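Accompanying notes for the structure given below.
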Amino acid sequence: DPVERAFQERVDRGEKIEPKEWMPEGYRKTLIRQISQHAHSEIVGQLPEGNWITRAPTLERKAILLAKVQDEAGHGLYLYCAAETLGVSRDELYEQLHSGKAKYSSIFNYPTLSWADIGAIGWLVDGAAIMNQVPLQRCSYGPYSRAMIRICKEESFHQRQGYDILMKMVKGTDAQRDMVQDALNRWWWPSLMMFGPSDDASVHSAQSMAWKIKQNSNDELRQKFVDQTVPQAEYLGLTIPDPELKWNAEKGGYDFGEPDWSEFFEVIAGNGPCNKERLGARVKAWDEGAWFRDGLVAHAEKTAARRRAAQIAAE
Amino acid sequence: DPVERAFQERVDRGEKIEPKEWMPEGYRKTLIRQISQHAHSEIVGQLPEGNWITRAPTLERKAILLAKVQDEAGHGLYLYCAAETLGVSRDELYEQLHSGKAKYSSIFNYPTLSWADIGAIGWLVDGAAIMNQVPLQRCSYGPYSRAMIRICKEESFHQRQGYDILMKMVKGTDAQRDMVQDALNRWWWPSLMMFGPSDDASVHSAQSMAWKIKQNSNDELRQKFVDQTVPQAEYLGLTIPDPELKWNAEKGGYDFGEPDWSEFFEVIAGNGPCNKERLGARVKAWDEGAWFRDGLVAHAEKTAARRRAAQIAAE
Amino acid sequence: MAAVAETAVDQAALFDFLLRMGDNCLILGHRVSEWCGHGPVLEEDIALANVALDLIGQTQLWLGLAGTIEGRGRDADALAYRRDAQGFRNLLLTEIPNGDFGHTLMRQFLFDAWHLPMLKALEGSSDPRLAEIAAKAVREVAYHLERSGDLVIRLGDGTEESHRRMQTALEALWPYTGEMFMDDAGDARLAGVAPLPSSLRDAWQATLSEVLSEATLQQPADGYMHRGGKRGVHSEHLGFILAEMQFLQRAYPDATW
Amino acid sequence: MAAVAETAVDQAALFDFLLRMGDNCLILGHRVSEWCGHGPVLEEDIALANVALDLIGQTQLWLGLAGTIEGRGRDADALAYRRDAQGFRNLLLTEIPNGDFGHTLMRQFLFDAWHLPMLKALEGSSDPRLAEIAAKAVREVAYHLERSGDLVIRLGDGTEESHRRMQTALEALWPYTGEMFMDDAGDARLAGVAPLPSSLRDAWQATLSEVLSEATLQQPADGYMHRGGKRGVHSEHLGFILAEMQFLQRAYPDATW
C-alpha cells in the first residue's frame, strides 16, 4: 500500500504526524490505547498519593503533595486532549476505564502505607515513568510528543521531591529509616514491573517501534532504571530487596533478579491489593458527579437559549 | 367521678398501678410522654458518648465506655417495654422521635469535645439523671417504677466511673486538668437545666405530683444536685463556672445563679449545637436499617409458613 | 517601627486573630483536599486542589506570623500540628464535613464571600505584616470567590436536581454563617489592625444577594446561629480532623520531615 | 515449668502469634464499636456493643501476655496505642470498613467461624497461659458465632433485598478469608503451642457450608486472596483507624488516664 509506505517514510524521516493527517488504523488504535491508558494512570494515580494529603507531616510537605497530585490531574487532562485529537471523546475513554475495558498502570493498585511511600512513589514510580516517557517526547505523533515534553518536565521535578522526602527521613530517627526501607521493599519490584514484561513476551512491541510510538525495549528501559536507581538507594543507605543484584563490570550495569510476573499478571487481571478500591473510587466519583455535570450542561443550554431569545427580540 | 377518686386513693395509699388496671386517660398520656421521652433520651444519649469509644485512651477505659453505652441502650429497651404496657408500640414511639414530635433530653444536643467530657457526662449528666430518677423508683406506675429501680442501680455505677475518669485526669498533667475544667465549664449549666425550668413555669407539675409520677419539684432537685456536686468539684480542684455560687449557711445549701433559660428553650426548639446531627443520626440508622428489619420479619414468616406446611403434611 | 506597632496593640488579641485567620485556612484547606481524586470532573479535581493549595499557603503565612507574635518559639507547623481542638480558632463553617459536591461548593462560596472583604480590609491594616499577607492572599481569594460564585450560579440555575441540592446545601450551612460576623472583646482591641467582623456583613450580603439571585436560590431567613469555633468550642468533627492531620507529628515527635 | 515452656518455643514467633490474636480482637472490636448508637434496631446496638466489649477484653489478655513474652516493659495499652500500622498483625479482614450492616454481619460471621476453632485448638495449647485465655474467650466467641450465623441465615433467607445484600457482602469479603489459613515460618515454630492456620480450614468450611446453605447463599469460588496483615502489610484503612484510636495517647504522651 503506497499510502502506508509514504506514512512510514515520514515517520522514518522523523516527521511528526498531526491530527488531521492520514494515518493507519492500527497506528490510531495503538495510540489511543496507549495515550488513554497513560491518561487513566494519571487519574487513578491521584488516589494512592491523595491518601496521604490529609496526613502530610508538615504544611510544606502538604502543599508540595497537593501540587503534585494537582499536576497529575493536569497531565491527565493534556493526555485526554491528545487522545481526543485521534477522534475519541473523553467520556468514551472514561466509560472504558469504568467498565474495566481500559487499563491503567498496575502500580497504582498497591497501597500507600506510610509517609515514606509518598517519597518512594516520587523516587521510584515517577522515576520509572520518566524512563518510559523521555523517549516518548520523540514519539511520531505530534500532540502526544508535545504532551510528553510538558509532562516530563514536571515529572522530574516530582521525582526530586520524592527523593527529598526520603533523604530527610533517612537522616531522621531509626523509625523513619525503617519506614523508608520498608517502602523500598514494597515498591521496588512493582516499579521494575512498570516497564512491562520482557519484550519477547510483548505482542505490540515491534510494530510500535517501527511507528516510533515506542522507542526502546522494555528490558532496555528496565536496565537503565536499575542502573540509575541502585546508586541512589546506596546514597540513601538502603538495601535493594533483591539478593541477585550485583554490579556487572563487563556489561557496565547491574545484574538483577526476575520480578514475579505471576503477581504482575494477577494485578493486571484485577487481583491486586487495591484494584477494587481504586476503580471503585473513580466510578463512585463519576456516578455521584452526574448531577453536577448535568447541572452545568443545563445551565449552558439555558444561557444559550436566553441569548438567542434576546437576539430575536432585538431583531 | 368515683372511679377516678378510687384511683387517686390507691395512688395516695402508695399502691402500684399495673398495666391492665383502669387509669385516667391523662395519667396514661402523661406516663407515655414521660417514659418515652426518657427512653428516647437513653437512645440518643448513646451518641455523644459513642463519639469517644474509638478514641478512648486505654483499653480499660474503652471497655468501660462500651459497657456504659450498652447499658444505655438496655435502659432504652426497659423503658420502651414499660411504655408498651401502656398501649403504645415501640415503632409508634420511634416515629414520634424521628418526626421531632417527641422530645429527648436536651443535654444530648451538646457536643463531646474532649475525653474529659466523657467523665463530665458521667459525673454531672448521670448525676443529674439519678437525682431525677431516684424518686421515680417510687412512681405509682408499677412497670415504670421497676424499670427505674434497675436503671438507678446502673446509673450510679456510671456516675462513679465518670467521676473516676476526672479524678485520674486532675491528678495528671496540666493539659489534662485544663481539659477537665473546660468540660465542667461547658457542662455545668446544661446539667442544671436538666431539671427543667422553675416549677412556676412548668405546666404539668402539679397533676404529675398528685399522680406520683413526679415526686419533687424541679427546683428542689436542682438544689439537691448543686449541694451534692459543689463539694465534689472542690475535691477535684475545679471551679464551678458560676460567680454567684456561694454557701448559704442559713438554708444549709448553696445559692447559685440562674441558668440561661433562653438557651434552654432554643435547644428544645431544635437550635442546639447538635440537634440536627443527633436526630439525623437516629433517622439515618432507622432508615438504613429498614431492609434488615424487613429481612428478619420475612424470615420469621417463611419459617412459620414452613412449620405450618410441615404440620399439614404430617396430618 | 515594628516595636511601636507591637506595643500599641494587644498582643494576645492579635495572636488570637492570626490563629483565626490561619486556622480557617488550614481546616477548610483540609476539608477541600479530601476531594482530591474524587471530584465530579477532572477540571474540578484540579480547581479544588488549587484552592486547597492556596489555603495551605495562606495558613503558613498566618500561623507563621502568629508564632512570631506569640514569641514562644512555635512556628506554623508547631501551631498546626501540636494544638488540640480547644486551641483552634477556626469558624465552625470550615470544619463541617464535605457532604455532596454542592455542599462543598456552597460552603466555599459562603466562606469566600466573607474571606475576600476580610482580606481587603486587612490590606489596609496598620500592621504592615498583616497587610502584606493580606495583599498576597487577596488575589488568590478573589479568584476563589469568582469560581465558587460562578458555580453556585450555574448549579442553582441548572437542572431541577442541581437547584434542589444547592438550595438544600444553602439551608444546611446557613446556621454556620452568623459566626463570621460576631464581634468579641478581642476584636475590639484590634482597632486599626483588623476590621470588626460585623463590619464585613454588608459586603458579604451584597455578594450573596447578587449571586443567589442569579442562581435562583432563596436566601434563608436568619435564625439560630451556631457559634464557638472562634473561641475554641468546636463541633465534634474537628477532633477527627486533627487526629488524622496530626498523626505523624504526634506519633513521631522526634522526627523531622 | 514456665521457664521450660519459654525456652522450648521460639519467643519471637510466640510474640508475633499473640499480636495476631490480640490485634484481630482490637481492630475488629474497633470496627464493631463504630456502630454504637447507629444500629438498625436497639437489640443490635446492644448485641454489637457486647461483641465489641468481649473483643476488647480479649485484646487486653492477648496483648498483655504478648507484652510479658516480649519482656521489654510494654503492657497491653502500650502495644495497642503506641505501635504504628507496620507493627500490627491483624488479618486484613478485620480492618475492612463496615459497609452496610449486612457487610458488618458477614465479616463477623466469617471471622467468628475461624475464631472459634482457633480458640478451641488453643484450649489445648502446651502453654497454659494461652490455654487459659482461650478457655475464657471460647465461651464468648461461641456466642458470637451463634449470633452472627443465625443472622446470616435469617437475612440470607429473608427478603430478596436482604438476600442480595448478604450475597454481595459475602462476595466482597471472600478474598479476605484466605489469609486466615495461610501458614508461615513462625506458625511452624509454634507446634503444640498454637495450631497451624491451615488446620482450621475444615472446621471453618463445615460451619460455612451449614450456615450458607440454610441461608440460601452461594459460597464464592476460591480465587485471588489478599494477604499481608499477618506480617504487617495492611490495607490503607488501618492507618486511619490508628490515627483515631491512638490520638490521646499520642497527643498526651505524659498523661495517665
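The letters A, B, C and D name the chains in turn, as written, and every chain counts its residues from 1.
Definition applied: a contact is a pair of C-beta atoms (placed from the backbone, for glycine too) under 8 Å apart; a residue touches a chain by one contact, two chains touch by 3 or more.
Just so we're clear, the structure is a prediction, and the values are computed from it rather than from any experiment.
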Labels of chains that are neighbours to chain A and to chain D: C
Pair sharing more residue contacts (C-beta pairs) when B-C is set against B-D: B-D
Centroid comparison with chain B (C-alpha atoms), farthest chain: A
Chain centre separation (chain A, chain C; CA means) in Å: 34
Approximate Å spacing (C-alpha centroids) for the pair chain A, chain B: 57
For chain D, residues that touch 2 or more chains besides their own: 84, 239, 243-244, 247
Interface hub residues of chain B, defined as touching at least two other chains: 55, 175
Pairwise touch network: line, ring, star, complete, or other: other
Interchain contacts, given as pairs of chains that touch: A-C, A-D, B-C, B-D, C-D
Chain A partner contacts - residues on chain D that touch it in the complex: 84-86, 175, 223-224, 226, 228, 233-236, 239, 243
Of all residues in chain D, those that touch chain C in their complex: 84, 239-240, 242-244, 246-247, 250-251, 253
Touching residues on chain B, where the partner in the complex is chain C: 48, 51, 55, 111-114, 175, 178-179, 182, 186, 266, 269-271, 273-274, 277
For the chain C and chain A complex, residues of the former touching the latter: 26, 30, 33-34, 36-46, 49-50, 52-53, 56-57, 59-60, 63, 76-77, 80-81, 100-102, 153-155, 157-159, 161-163, 165, 241, 244-245, 247-249, 252, 254-257
Contact set on chain A toward chain C in their complex: 43, 46-47, 50, 53-63, 66-67, 69-70, 73-74, 76-77, 80, 115, 165, 168-169, 171-173, 175-176, 281, 284-286, 288-300, 302
